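In what comes next, chain A is part of two complexes: it sits with chain B in the first one and with chain C in the second one.
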Partner chain A sequence: MSTHLLIMKKAQVKMGENIAVLLLFTVLLVLGIIFYVQYQRGALRDELREQRLKDAIQISQRIAYLPEVQCSEDAIQKENCYDGVKIEKATPILKANKNYYYGILGYSKVEIELLYPPSDAKTILFYDNKKPGTVSEEMVQAPIAVYLPNEDRYVFAVLKVVAYG
Partner chain B sequence: MAKGQTEILGIAIVVVLVIMGLLFLLRFSTPGDSDILKQRLGRAQIANNVISAMLATSDTVCDAVKKPRLQDLLIDCAENQPSGSVVCKQQSTKPTLSCQYVKGVIAEEILAKTVEKWKYGYEFSVKREDKLIIPELKKTSAGQDGKCPAIAELDSQEYPLPTTTDIIKVKLKICN
Partner chain C sequence: MVRKLSLNQHVYLHNKGQIELPFQLIFALVAGSIILLIFVIFAFKGWDISQQKSSIFIADTLTLLLTSTEVSPKTFLPIDDLPKSKIEFGCEGFSVNGQQKSYRNKIVFGPSSVTTTRLRLWSFDWNVPFYVTNMIAVTSPGILYVFVGDPTDSLIKTMQDTIPKNMSTLLFCPSTFCPRASALQPTGHEQTRFIFVNTNPSLPPAFSGKKISGLSVNTASNILTFLQPRTLGQTKDPPLPIIGMPMLYGAIFADNIETYKCNLDKAYQRLGYLAQIYDEKQKFLQDNSPRDRSCTYSAPLEQLKKNPSSLNANIIESIKKSNHLLQQQSCPLIY
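Presenting the complex of A and B:
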């Protein structure tokens, strides 16, 4: 009888051991899955952020070559030159033709902040087309020189592009 | 004995899995080479844009009629050391010569509103060979006066400006 009892106790201990191992394994597995999911979320967020940054950079490069912005002399476009008068005049046109400019500038906001000399300081909201239900946005800022052809001089400015995602 | 060995094997497997997990975490938490390269290219591009836009800027505060560009003021400063010859803000109570004037504009109106505002450190210098034309302007990324830390990655652009006799170099270094 006592041998039988001993065997029973041994079996129970063994079963207890196996259950503990299985529980530990399950806990480790669940922790591993949680860790992996968190990591994937973070990686996805980073990827989205990087994509928004790339979009913002691409848009800022496209703006530099827009005829609505580029300086010109005798109908010849000048590279790396932003015409302040054109920018002011084009702003309402872009607003009225958002659908057309969406094809070039997408869901983004473009501002040109004139900084120096102080008498010229102001911010021009050149284009604004926010994506409905935006979940992320990234901004790129680049110093530029804006040319005022009526005064034949340059103003120090910053081009700010926000890409929506 | 066999039981003991099995248990040790089990523990060993768990330890190996934990080490692999930590290595995996380390691998993806440190920035890769391409990320570092992108950051460096970004800083170099900012330095390039700041210098080119700054040099072209016309200064109507210095002289509303002549509207000298900042590069003209730097050249005047280099050609007429130590103070420059162009008098800026002639009509005001504090007219200033070009060297002091252009240094103030670059520090307070250009770099403070761009590079410093974006939390970068910088070192700005204008030199003829190795001699400074205006005192070097330097700020850390925390906004304090001083050079970029020795361990920081520095990216820079240099612009040559011709004077009547030689060439001066305008250099902007940017660090994180």
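Presenting the complex of A and C:
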């Protein structure tokens, strides 16, 4: 009888050991999964940030060739030149036709900040189409020359493109 | 001590073995077949996913190439060594083996469907007379383009000089390689597109039943007409005006009228917005031009901004003249 009882206790201890090992293993597995998910989230966030930066650069390059802003002389497009009068006149047209220009500029904000000479300093919000539920944004800036055809002179400016993500 | 079995026990064990062994065999067969089937299904699924991934990759790459081609006019871009894919071009987008991709606002003239490993992209700008947009023509070397018309015709010569030689297989009839269009034989190309310039369209007998399409161009009236596929007969669609060579190139490379007209609508829409901008600019310059000069801003942009599809050669000429006059007056130009 006492031998029988001893054997039963031994079996219970063994079972207890197994259960403990399983529990410990499960806890370690869950911890491992949590760390992995956190790491992946961080990596994904970085990747998305890089993608938005690329988008912002692409948009700024696309704007440089838009006939809505590019300078021209008798139908010959001038590179690295933005027509100040066209920019002013195009802004309300882009706002009124956001759906169309979304196809070119996507979810982004385009600002042109005139800097020098100081008498011309102002900021023009050329295009703004914020993505619903935007969680982050990335900006690129580039120096540009804005030509004022009525005065036949250039103004130093900065093109700011924000890509929404 | 070895225990001897009785006869009944012996028979019992023997029968048990007879049932158990075949049962095990059958069980192994069935289980093995199920496992093999599972592996085969996974293999097919994997192949299918790999095909889809490849199609998506091609579609993404093509979108990038279309974007870069669109930004730089007068660009010719050959794409070789594609995995053999069925690519379909529409007005709003294209598809690669069923994977759809949208162009957004790009104006792309291409064949309805082509199965190929090579593509050719060519961009050209549309000026009326100010720059409006770049248009892209897409084709494949597997499509034969036959231009039928007098070799001394100025339009034929312009097309020979302008369309990139490696764009596709271009054949001009009559010529050394094609003495008579009516005697032309199929050349093994996947599709053939006939472009009749100032000549009556007629189907070469050898192409009867083949995959063909056609376009008729009349320079005297400045119109083009899409012909019936397979028969090159007349369709119910009215002829369309040609406003600039880009429109003609678009009609050459878009093999159906719906895609062509839809792309034209996109072009006119862009023209409308630009006409608004130039009209506002014109009004601004009129009020703010240098006081020491007499500047006349009279380009007919008001009409164009209200109805861009009313564009015609007279309006283009009028805008050009206005701009030239301003140039002569040393005034700020409209465009």
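The working rule: the second predicted complex is superposed on the first by the 137 of 165 C-alpha atoms of A that agree within 3 Å, B and C clash if a C-alpha of one lies under 4 Å from a C-alpha of the other, contacts with A are read in each partner's own complex, and residues count from 1 in each chain.
Basically, a residue touches a chain if its C-beta (ideal position, glycine included) is under 8 Å from a C-beta of that chain, and two chains touch if they have at least 3 such contacts.
On a predicted model such as this, the values are computed, not experimentally measured, just so you know.
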Original post:
Following superposition onto chain A, is the placement of chain B relative to chain C best described as a clash or a fit?
Top reply: fit
Original post:
With the two structures laid over each other on chain A, which partner does A:56 touch: chain B (first), chain C (second), both, or neither?
Top reply: neither
Original post:
Is A:161 in contact with chain B, with chain C, with both, or with neither (first, second, both, neither)?
Top reply: neither
**OP:** State whether A:104 touches chain B only (first), chain C only (second), both chains, or neither.
**Re:** second
**OP:** Check the residue A:141 against both partner chains and state whether it touches chain B (first), chain C (second), both, or neither.
**Re:** first
Subject >> First (chain B), second (chain C), both or neither touched by A:35 >> reply: first
Original post:
So, A:153: does it touch chain B (first), chain C (second), both, or neither?
Top reply: first
**OP:** Report for A:116: first if it touches chain B alone, second if chain C alone, otherwise both or neither.
**Re:** first
Original post:
Quick one: smallest Cα-Cα gap between chain B and chain C in the superposed arrangement, Å?
Top reply: 14
Subject >> Residues of chain A contacting chain B in one complex and chain C in the other >> reply: none
**OP:** Spell out the part of chain B that touches chain A in their complex, as residue ranges.
**Re:** 10, 14, 17, 21, 28, 45-46, 49-50, 52-54, 56-61, 67, 69, 105, 109-110, 113-114, 118
Original post:
Which bits of chain A are touching chain C when the two form their complex?
Top reply: 58, 61-62, 65, 67-68, 70, 72-75, 77, 83, 85-86, 88-90, 93, 97, 100, 102-104, 149-150, 152
Subject >> chain A - residues contacting chain B, complex >> reply: 21, 28, 32, 35, 39, 43, 80, 115-119, 141-145, 151, 153-158
**OP:** Going by the contact rule at the top, pick out the chain C residues touching chain A in the complex.
**Re:** 67, 71, 104-105, 127, 129-133, 269, 273-274, 276-277, 280-281, 284-285, 288-290, 323-324, 327, 332-333, 335
